[in-house]
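Which chain is which? They are A, B, C and D, in the order written, and residues in each are numbered from 1.
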Amino acid sequence: MILFETIAEPVVATGMFTWAWTMIAVPAVVAGVLLLAGKLSDAWGHLLATAAVLWSFAIAVCLFGHQLFADAGSRAVVAPLYSWFSVGEWSFEVGLLVDQLSILFAMLITGVGSLIHIYSIGYMAHDERRRRFFAYLNLFIAAMLLLVLANNYLVLFVGWEGVGLASFLLISFWQHKPSAAAAGTKAFVMNRVGDLGMLAAIASMLAMFGSSSFTDVNAGAHGLAPQWATMIGLFLLLAACGKSAQVPLQAWLLDAMEGPTPVSALIHAATMVTAGVYLVVRSHAVFETSPAAQLAVVVVATVTLLAGAWIGTSQDDIKKVLAGSTMSQIGYMMLAAGIGPAGYAFAIFHLLTHGFFKANMFLGAGSVMHGMNDDVNMRHYGALSTAMKWTFGTFAMGYLAIIGFPLFAGYFSKDHIIEAAFAQNTFIGICALIGAGITAFYMTRLMLMTFFGEKRWQPGVHPHESPRVMTIPLVILAVASVVSGLVMNNWIQEWLEPAVGNHAHEVSLVPTPVGMATMGIVAAGVVISYLVFGRGSIPVKAPATNNPITLAGRNVLFGDQVNDALFVTPATAVAAAVDATDARGIDKAADSSADAFAGLSTQVRRLETGYVRSYALTMLGGVLFVGVVLILSQLG
Amino acid sequence: MTFPWLTFLGLLPILGGLLLLLPMGKGAARLLGLGFALATLAVGLGVAGLYAAGADLAVQVPWIRAFGAWWALDVDGMGLAMVLMTVVLTPLVMLAEWQPPAGRWSAQVFFALVLMLQGLSLFVFMANDVVLFYLFFEATLIPTYFLIVGFGGPRRRYAAVKFLLFSLAGGLIMLASVVGLFAISASQGAPSYLVADLAQLSIDGHVGRWLMVGFLIAFIIKAPMVPLHTWLPDAAEHSTPGTATLLVGVLDKIGTFGMIKFCLGLFPEASLWATPFMVWFAVVSILWGAFGAIGSRNLMRLVAYTSVSHFGFMVLGIYAFTQASLSGSIFYMLNHGFSTAAMFLVVGYLAKRRGSYDIEAFGGVQKVAPVAAGLLLVSGLSALSLPGMSTFVSEFMVITGTWSRYPVVTAVSMIGVVLAAVYVLRMYQRTMTGPVTDATATHFTGRDLTGLERAIMVPILGVLLFLGFVPAPAAQLVEPTAQAILAHVGVTDPAPVVKGAK
Amino acid sequence: MMNPENYLILSALLFAIGAVGVLVRRNALVAFMCVELMLNACNLAFVAGSHITGVLDGQVVAFFVMVVAAAEVVVGLAIIVSIYKTRRSTSVDDANLLKL
Amino acid sequence: MSSNLMLLEMAAPVLEWRALAPVLLLFGAACLGILVEAVLPRAYRFLAQLVLVAVSVVFAMAFLVLNVLSAYGGPVAMGSLMLDGPTYFMWAALLVFGALALMVFSERRLNGGATAFAASAASVPGSRDEAEASAARHEHTEVYPLVLFALAGMMVFLASSDLLVMFVALEVFSLPLYLLSGMARRRRLLSQEAALKYFLLGAFSSAFFLFGTAMLFVVTGALDLHAIHDAVAGTTTERGLVFIGLALLSVGLLFKVGIVPFHSWTPDVYMGAPTPVTGFMAIATKLAAVGATMRVFYVALDGERWTWQPLLAILAVLTMVIGVVGALTQADIKRLLAYSSIAHAGFILTAIVGASQIVPAGQATSAASVMFYLVAYGFATIGAFALVTMVRNAAGEENGLEAWAGLGRKNPWVAGLFSLFMLSFAGIPLTGGFIGKWAVFTAAWRGGYWWLVVVAVLVSIVAAYLYLRVIAVMFAAEPAQGTFVGHASGWTWVPVAIGAVATVWMGLLPDQVMQWAAMAGGFLR
């Protein structure tokens, strides 16, 4: 379906919109200041950083307000900043596109980002490197905003890599832990694999269109040869897989939980990992030109949503359960994005609600850990609902939202996706449905293991509620988890239509048959989970099992093993082979040719016997030689 | 006649170097050396200013009349980029090597050799006559040899000889081509070694190919490309960081510089003929170098191997024959100089404290020397071409430019981008992170980088960051060279496939 | 009268004998005498050549060569005698310190 | 000597005194030098010889310049000598190198007040005679007249356009060199052995030269080169004799140049001879022999070029390879330089093979390239051998390469200058050696011998290692015990300095010398 003509050309920024760049610049500059100023800024660094994000948030809100009251045709605004470079026929501008899609992201990023900054003031209070943490967070905010506000793929890519860097820095923030350092490296490298897709996509766009701006690509996409449309689509999908931890590039996300919990909440739940979804939606014109690429997205998404859920069922680490859940939920978003125009708005819708409730739950988990001496093993929790009332209450809101309890945020956003999936393909729909059930199962398991049942606290642990600076963000996010679905349900489709070219569906609060089925499945999941985990006691050590499903889940579906077997081991072997070839092949050849010359030299020197008569003989031989040569040259 | 700025620019450091050979106090020698380097920097910037103002800087005086060789100097965008890189890096290297390693030759000699090397390199980048180029091309080897032999690590003799022999081998093969050029030039009228005159001859066919191959082999060794690269890791490992910086950052650029100026400039037809081979050759270098870096157990070797990989990208860009890729390659040359300098110098700082370049010898440094670790990370990020660093822009130009002509080749070469992340971050992970080892605690506690060491890094990283965000000046500087070469070769960019998209 | 070319053949033979003599004789004096024989073979060739071509120069050359040979003898003997005084041997094979 | 049967009356020979003045001055001075030895007391001989040498060389040079400036040339001495461009150029070069070499001969400070020559060459080594002569501070000032004879002989040799004159000149310059080789003060056994070998093989080779001449004479009835050229061109029947003549003649010439397989004497003689003499021989003999070789091949045998070009090409390859490879593992510096001189002869031969003789005005012929090469090589050689005399141990000169280890630390100047000369030998740019190498390769390629250039270039790579090894030993190795750099006087330092300056000058601004060479580039027939 060709929908490009519905997309309005963005207007050039005026007034408030000319300030848009400060959203990015202020956190970026603050990050630089904090890093360069060093210890001088230890005392006030975190406050400055928080202020910087609040500034960005304020701008985002103002712009959003501006757009709300502008007429639909002039909502999308482009703010050119400067010409980055140009070469040949290609020119690369740095410009911001503040349209209906990006402003939602900007608000999510800065809004959740602000809350997490505030939360972190408390969470990281005792860390001696807190200033550095805030600098990295600000760096992330700036890069993420650049990613979503860019008006062309290249600048997007800059942000894309920027968030990758920030993610690396923050995952391995506690560098003295080898596991954290390794996790950071792993995340960056696997992201880089995805980045190849991005790079290839941009290169293809340049080759195809001579430009990488969204406008040009969207306008030209319908002219693509099918195979190139598919190629570009697959490249973009690869990029999205890397950033959004979709199968097959999913393995880094669980390890990324080595980072401080606010990082997990902000980057690896609410914002960065959803960038893949943003990319696919942003590139809708390309995908619409290639059904094959769309199908690939759908397949990847479905596999991931099930895989993530599967992982979530078997992990004991609270953050890893949430991480599995994140994978799964992003799978839903990707699924929606892959479905096509029918799903774009739902993808973004779920992305936003997920941003709220998942951030909420991650911060909640952080709060729990804060009270449990940074223990993450749920088997050491239990009965925390009384010890941490605020945490429990807010976490419960998030829980209800994610399982899709009626009228909570997830109820709207996820149901729409499942419905759209059914409309697309029954099998996919069933998979999505099953995923919802599993989600309910593992989230209930998490709730039960953490907040209910008997105390399984380790000696010396005295759970306590977190300080206000941490609970207030939790409350705000909990509220968002509850209401955001209801607020946006009717509005978002229409709002996004000019930006992503979706079709507005009629949505109502009354459950459709699919919605009813979903509720039924979710209820079943909750009940089964209760039957398994709610009644008996939970062993403090994970019981040994031969159940392949559990084993696979605990081992993250053997993603690391697969990567090791397919990539790490061969790469190591190749590196060793290269080393050996250089040392024992090329160098040996060079050295032994030197030796050969030395040997030859010894032989040549033997001709100098020291006997004058042999010299004379050599001369006479020379005379004969000369004669022979002369004769031969006459013959020839 | 106007003042011969270019001659002056090249002679100034050489004179300084010769002056430094006279006996004098150590302190005075170093200050004098630095003074000459700074003066050269000033003159270099002045030349850049004149160039920007559109002044005609060309010098052309008969040099060896019997052979039609000229003392011909001129700069184009590429030349100026290399000149500026050289004049900026030299004083920094001097500051970084203010105290040469104990038990080696004196700082005075180091400074003298560095200055001579600088002057000779400047002439290489400015020479507009093939013989003149060749003269300085080979002459740079001598001070470099002594820099390795006089100040390097335990196996410096082996490394220096290997370096010199590989380079000389290439250079002498090139000499055969230089000689051949004369024969052709002389047979077609008055012999002239001026690049412009030779370019007019359009030497095609078998002769052109063979002559081109002679040049190419020299530049392949210089650049260095697999399989003629093994001298570089050894040379880097067994020289001081400052020497390695000049060697890899400046001297090796002559390889790619020469490919553009001489292979493409003099033998367009033959260069096109060599393209399929060179493109794959470049890809092999990219991957080989990257894997070599991954397998390295020594920091200097690692950086050297990364350079092999990066040179692969430069060569790929050159032989893709698009404006983007070629401009990207030239820009890459500039960036790589700074990026490698950053890597080598930081590695040098670390090794100076630890007393070893072995990766295994480090661990947990970040905890006790965060600034050193941070600078290593930033340098590493520039090596892996992170956006925001100028290296990204150039690598992007190379990749996208090449893609528009050879998508499959480019796709294979892009594996190198991932491997770059692997070798940089693994190195960082193994040396800087993790628990603080005993050795680290002993050697690094309270010994984070000094003010001078930090100050040295400022201009290097500053250039990388500035050109990362504002690459336009550099891109504009190098693009005319790329355009001229492509026009000379007679190749135009592939047009966008989808018409009217823009 | 004999064919003058026979003289050339003779001179070539003498020359060859001289050359082989240098190769096979160990005594420096004898070896040197063989060189003299070669020179004289040349003289013969010159004179014969003079006869063949009818140009008198060849005969003149012979005189020059004799003088040169005499000079060579002087120098040669000086060297051989001095080395004999040192080594008490005129075998060229004993003079074998300089090699390789 | 051009007379024939019809004209039997004797005409008084016409001699162009002014043209021949350089040669005659040297011969005269040499004869006077002999008289000095006979007449003056020992104490005054050294000074007197120096004065004689200085006066004769300076005036010879002055006449030479005068003649060049007044474009005075052509066949002289009844056609037996040809004063053409190459003659003048190489005469000048010989005079300069001869003068520099003689300065090194005069060095006495290094050796505790004695020269490098035996106090009494005639006395038995280790005998009382010798000890007494040493104690009495006797010295052989005969070396000066000997060198003057050799020098004059060389000048005649390369200028002669008559094979008989060439033969006589060959002997005139060879005989003094045989003697000089045997006069070393130290290691006299080696020195005498060198003299013996040099003499026997030299005499052997001159016999070949003479027999070759005879063969050509038999065919052509002529001795002067021009006539031979014309006659050979007209000969169709006696080709066999022409070839024999050509081959044997080449042996005599190539022996002096040091071309493989006629090179065997070189390493032994270079090693055994007193170092100043080696230095002198290394350049002067080579220069004269190359000059004469070119003259014979280009003037007399030009018509046979298709015959001898492939031959010389093969010999060039052999020579380069054997010279370079043989030097690779040498442990004695003089022997190493001897092999190196063989290699250089090979490089020179490439240009001779190219035989590009007719080029547009202002460009370099083969001869011009070769002459430039020789000059560049000569300055480096003089300097290098002068430096070799300075590296010593307690007993005297130390030529073992391992004993040179770490010389760079002990005396950076000596090691640095020696490295400069090594670099010039290796043909590294910024030295005259590079320009020379480039010039000869160019000449070879121009003559169509591009494959020879490729081979030469490949050999140069190995050659570079050879010289590099010496530099590495001096700079990179730990200093050896017991070796030191002796304190030399200006007699050594001045030639070194001149050599160094000229090497760099010819590397950087070779135009002037190249112009001279190019102007002198053609042999007159």
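The definition used in the following text is that a contact is a pair of C-beta atoms (placed from the backbone, for glycine too) under 8 Å apart; a residue touches a chain by one contact, two chains touch by 3 or more.
Being a predicted model, the structure only gives us computed values, none of them experimental.
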Of A-C and B-D, whichever chain pair has more C-beta contact pairs: B-D
Central chain of the complex, centres being mean CA coordinates: B
Chain A and chain C: spacing of chain centres that average the CA atoms, whole Å: 96
Centre distance in Å when chain B and chain D are each reduced to the mean of their C-alpha atoms: 44
Chain A-chain D separation of Cα centroids, rounded to whole Å: 78
Interchain centroid distance [CA atoms averaged], chain B/chain C, Å: 65
Where chain A touches two or more other chains at once, by residue number: 605, 608, 610, 612, 616
Residue list for chain C, restricted to those that touch at least two other chains: 19, 22, 31, 92, 95-99
Interface hub residues of chain D, defined as touching at least two other chains: 196-197, 200, 204, 208, 267-268, 465
All chain pairs that touch each other: A-B, A-C, A-D, B-D, C-D
Contact footprint of chain C on chain A as seen in their complex: 605-606, 608-613, 616-617, 620
Residue numbers on chain D that touch chain C, as the complex places them: 1-5, 121-122, 124-125, 164, 167-168, 171, 175, 178-179, 182, 188-190, 192-197, 199-200, 203-204, 206-208, 210-211, 213-215, 217-218, 220-223, 267-268, 271-272
Parts of chain A lying in touch with chain D, wherever the complex brings them together: 594, 597-598, 600-602, 604-605, 607-608, 610, 612, 614-616, 618-619, 621-623, 625-627, 629-631, 633-634
List of chain B residues in touch with chain D within their complex: 62-67, 131, 134-139, 141-142, 145-146, 149-150, 156-157, 160-161, 164-165, 168-169, 172-173, 175-176, 178-180, 182-183, 186, 190-191
Chain A-touching residues of chain D, taken from the complex the two chains share: 196-197, 200-201, 204-205, 208, 239, 243-244, 246-248, 250-251, 255, 260-262, 264-265, 267-268, 306-308, 310-311, 314-315, 322, 325-330, 462, 465
